[in-house]
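Paired with subunit B in one complex and with subunit C in the other, subunit A is shared by the two complexes that follow.
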Partner chain A sequence: MPIPETILAASGPRRSRLSHALTQNIGLALVVALLVACIILYCGLYIATQHRLPGGYELTSTLNNTMPLAFAALAQTLVVLTRGIDLSVGGVIDLTNAVAALTLMGGPVSTTIWTIAILGIGALCGLLNGVLVAVGRLQPILVTLSTLSIFQGIAIKILPQPGGAMPPGFTGVLANPNVPLSLIYIPLIGILWAIFRRTRLGVSVFAIGNDAMAASSHGISVKRTTILAYMLGGVASACAGLFLAANATAGDATTGDTYTLTSIVAAVLGGVSLFGGRGSGLGALFGAFVTVMVVNILFFAHIDPLYQTFYEGLFLLAAVIAANVIGQIVRRRR
Partner chain B sequence: MSAATTRKQPFLNRERRRILYAFLAGIILFIIGELVRPGFASPSGIRAILVVASFVGIVAAGQTFVILIGGIDLSVPWVLNAGAILMVTSSLGHDARAIPALALTLGMGAAVGALNGAGVALLGIPAVVMTLAMNGIMQGLTLGLSGGMTCTSCGAYAPPVVQAAVHHSFLGLPIVLWIWIAIIIVVSFLLAMTRFGRMTYTVGNNARASHLAGIHVSGVTIVLYALSGFFSALAGIMLVGFGGQAALGMGDPYLFQSIAAVVIGGVYILGGRGHYLGSVAGAISLTVLVSVLLAFNMPDYGRSIVYGVVILALLLLYGREEENG
Partner chain C sequence: MTIAAVEAVDIGKAYGGVAALTKASFTAQAGEVHALVGENGAGKSTLIKIMGGRVRPDSGEIRIGGQAVSLNGPQAAHHLGAWTVFQELTLLPWMTVAENLLLQQEPRSSLGLISRQATLRDADALLARYGVMHIDPRALVEDISLAERQTVEIVRAVSHAPKILFLDEPTSSLVEREVEWLFGQIRRLREQGCSIVFTSHRWAEIRSIADRITIFRGGADVGTFTDIDEDEAVRLMTGRRVEALYPPLTPRPAAAPVMLEARSLSGPNLRQVSFALHQGEVLGVGGLAGHGHRELFRTVFGDAHASGGTLTVQGKEKKFRSPRAAIASGIALVPEDRKTEGLLLRMSVRDNASLAILKRLTRFGILKPQEERRAAQHVVDSLRVRTAGIGLAVGALSGGNQQKVLLGRWLETECQILLLYDVTRGVDVATKHEIYELVASLARSGHAILFYSSDAEELAHLCHRVLVMREGVVAAELHAPGITAEDIVSAAVRDHRAA
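Now for the complex of A and B:
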């Protein structure tokens, strides 16, 4: 199915396949370069301070710490692609995390059923957002700011104190502390994203993000697509809540709050355009890893943790400015 | 649609109606509060609520400016907090140092805001990302420089003059309310009667067309963001005057509340339409709502839920986009 992107039509015949692919995926290429740079810097600092290479433990814990943010960034990307923004990501994580703490305690069968139910709760949260945006014709930033408050309230209501204990099997599958199982999940997300991108819904999401009017006149239902994008985002946020619960082996109704902002940071680093229609789930995934690696680097560089957000903010700005500049250079060279 | 545009604009056009609704909501909430807890709407009760509302209202002034050009300022919490801490650490509670400290603090706010504006206008960074990053930068700087509020001067009190400005009364009204009234008059005059105000609305409606019409769009943007930083810092000063001392996290509630106040007051989130008087009404209604919920002895989580539901309900009542296609 053809991808409705204006650049496709504008690209001349002279360009090679490779340079075309690079121009098309400049955001993705940048975030991969950023991630490689982060990993090299991290390893360098690690060797300098610990006098050995980071090993399996570091790999596993970094992966387990990143998975919740990776899903949150994926959720944010799905919504931002439709030219929206989802500030309720943190609230959905709070809510699903709290429900997980209360319900996941039985055997494998009940755990599986409840896990699916929790994903359903995420979808419902997304449905609420999507309906208010698409049918209620409200601005996404206002809708999700309000639902953030609502979801946070419900989460604290059902789990006033942090607690609950995750079944060992659940933690073993989602955030195994000994085996880097996430090495399976990441390619899986990549494959799922590649499939999604080629489905009717995936194409529609990109289309309405680029130009809702044009998409609508080509027979795409803007309302239906928007609602589904928010629902998928809700499911991804619920995944983040589940992975977070598995990693912490307990639930906390406020633990998701920070993810609203960090999901935006990771998605932006991953090359998503806040003006919609541009970005990828794979980029969000890498963006999440970059965000976590930056924190690790600051730790090993012995930066006072009080200054942590200062450097994170500077880093975000530098990355966005660099992406702008490089994007312009690449586009001019065409 | 064409009939509506050709018809003469009634005095109560859509924007003015929204401001009126926001004020009516505040009055109804006052009545509900009085019914739940007699004395709620007594003169002293109203005065106390208005003082709390003035802090939200002052932050909302800056938020109104940037939202009028389709921007947003997410750096409010830590610009406010940095302002509050800078005020006490630079004045050390001495009246003699109050004026330089005030100038320093307000200048800091305006400078940080101007940086936000420069990032948005000159570097083309989306406002959400720019102000989000700035919030992190200010948070890190505030925490780091104050050593997590462990510095010796961090525990200083606000100068007595500043405390008096919040607590003392003049002609029956606390001085902070007079300051707020002055801000309301100046901001409304600025937006409605001056060239700068017209430029703000023009940029908010169509930045490209404004540029072609010869308006210095990036200059206007930088000034508006600088004003937002200025008002955040001013609110920080007022809050240390109110509470006496600065604390970490004191700016956190003001992000949500300032945006909510602006939106409840009918300022269009994508820019170009709205009045500060609306944001004022929004700030008052929100504060009364919180007080009423407190009067109902509603726990935190309940307040959080009701808050979200009320804002959604108000948005559905009058914040909807036009149908297109």
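Now for the complex of A and C:
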């Protein structure tokens, strides 16, 4: 081992591990705090109007309602981290939802095969987006805006009217109305994210979102990473489509439309930077829960459904401003 | 005869019709430290980018170990054992120092996943191995200073045990101690037979470390020397003698009014700073990096808020809430990091030059293109900016010329008080000379100039008075004539090591 001639000595003690962890994951901490606040508010309103605590039914239905958005937010996050945006999330959900309605009607074997095939359709949609962005060098927003319409069009073509009936087993596994199986899925998503973050692909996704040129000069293939991020996003969107079908027990070729925007909302609430390179899938997951809880809160606060979007917008703006201010205070304190 | 470690043979490269390199050659042996020197715009940075595989040459040949090679990316150079620290650093800002150091070679756990613990441990060991104890591997790159980023980048390159190491202006953001550290690393690599090629504008550094020097002018090499004195080198680079570098100091008028006065200004890293800046005066601010200069300039410019003290501009007490308010009071700031703080690199010279005077150039909010062109042309002409035209993107100009556009922008405003923050950093000798002339003439024409520089020599020659800052306070005030660089440095470090 060489002995350095000059040592650049430390000038003071290092900041603690906790302090680093907190300032570097402030977005995640904020969305968790926000979720806790939402849950308390929800329970308060529930007790005030229903004169009892929310129970198992409320828990199960909230979780089942959140799962599609959780996957959509994850899909969005994967793409946004590369400094892109995926407006086709809603289109992929429409398409996979429609295909599910047409194909999922047989026994467990056929259902399983088709489920895997539908995930493959999601991957193909992502591949198309990824190739157009990475190889075609087109702006992500233009590419995915176009493919959004294309996927929506195909969905409505193959399933003009809502219909189909999900096999009970399928619903029973993905969106069981009586048992909150989502309590298993959510930690599973968290574990999958933690694994992804520790793979070379995961690091590469963050790296190209930080600075594509710098990343490529260290041997990271920007094209390959971008395409894979869009493909994984497509798979996550397909998961959203499947969970949505299971929850609704039927298919609808327009049911996914709203998810394009709400997936962005959930990701942003979860601390994912639209400039790429910063954020986490866990944050997006919590962001999805916050988004759903806000709708629940508005319901129990007896807000006219007509004005619901108005209050959602107001909430989103307030949350983003608060997150920004708190983030800056934390940064300035160091 | 030994085979050269690395050779550039008649390299040519043009950007959009403007030739950056015409016929540039140099040869570096194994175990040699080879300096490339020349003005900004002489093509050194372009040459390093080509050698590092980031830019492809239009003509010429690169030979590594005697073999002609084609570098279609930095990776290709890495495979041949050639690593480069580019002037534009390649660290990922929102990732930790550890993640950056071990990018693409992250340690794996038994499950095949990247282990964060092991990444941190390895990064810590790596930094310690090269004697870098002051950088926390857990910190995000965006939270560490420019000098620390430069250090991390150097550690990363050196850690690959390069056979050839290219360093483009590695010392431009480093202070003395860090330069000493870097030179220790370079000497060690040289002993191991590595060939080190670097560029620098600091002659003392070049003399102390380089075995041979290749001088560039106008995109071609003019000669390689083992022993050459500064006068001769400067003459070869520019055709100008070194004594003429600094313009003579015009004494400031005795009864000049105070333009800017700070009383007990306090804030983060700033304690009870008081000074008065007069009309026609160049007031220098010196001292070691990180001792409050940056905070002082930002506070005066309204970019940071003082927690105490007062600021008086032409007799009126002011509390600037934003740079906009400071500009409205006739204060202009030219920052050090022109790339991120001052210029819009993708926009044209014209757009950049007119940015600060849009109000004057518009009628009812609509830009008057002829006047804009005239103003931009005036900046280009009066400062001798070397550009193919005012429509060219500023990013395509050389560093020194970018700096001139930035300076010129403020000259077009009516501002009376100029805050110049290390404006000659990374600028070549000829452009430095032009900037010094400009500063002197601005002072003569009645501007009041607050001038921070990391170069003590520059402060000693250019300023009427120099405030030396230490730990956020003004530790000494030196008066011209007779200020020397040694005075400034000794005032900056006095008691410092004891404290």
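Here, the second predicted complex is superposed on the first by the 321 of 334 C-alpha atoms of A that agree within 3 Å, B and C clash if a C-alpha of one lies under 4 Å from a C-alpha of the other, contacts with A are read in each partner's own complex, and residues count from 1 in each chain.
We take it that a contact is a pair of C-beta atoms (placed from the backbone, for glycine too) under 8 Å apart; a residue touches a chain by one contact, two chains touch by 3 or more.
Being a predicted model, the structure only gives us computed values, none of them experimental.
Looking at the shared chain after the overlay, A:142 reaches subunit B, while subunit C stays out of its contact range. Contacts of A:214 after superposition: subunit C is touched, whereas subunit B is not reached. Of the two partner chains, neither subunit B nor subunit C is touched by A:57.
Legend: residue contacts after superposition of the two complexes on their common chain; A:277 is shown touching subunit C, with no touch to subunit B. In the superposition on chain A, contact of A:195 is made with subunit C only, not with subunit B. 213, 216-217 are the residues of subunit A that lie in the contact sets of both subunit B and subunit C, per the superposition on chain A.
Here subunit B touches subunit A in the complex through residues 72, 119, 123-126, 128-130, 132-137, 139-141, 143-144, 147-148, 256, 259-260, 263, 269-270, 300-305, 307-309, 311-312, 315-316, 319-325, going by the rule given at the top. Subunit C contributes residues 54, 73-75, 78, 89-96, 99, 103-104, 106, 109, 113-116, 129-136, 138-140, 143, 151, 177-178, 180-181, 183-185, 187-188 to its touches with subunit A in the complex. Looking at the complex, you find that subunit A touches subunit B at residues 85, 132, 136-139, 141-143, 145-150, 152-157, 160, 212-213, 216-217, 222, 261, 264-265, 268, 274-275, 304, 306-314, 316-317, 320-321, 324. Those residues of subunit A whose C-beta lies close enough to touch subunit C in the complex are 1-2, 4-11, 14-15, 17, 20, 24, 195, 198-200, 202-203, 206-207, 210-211, 213-220, 273, 277-278, 334.
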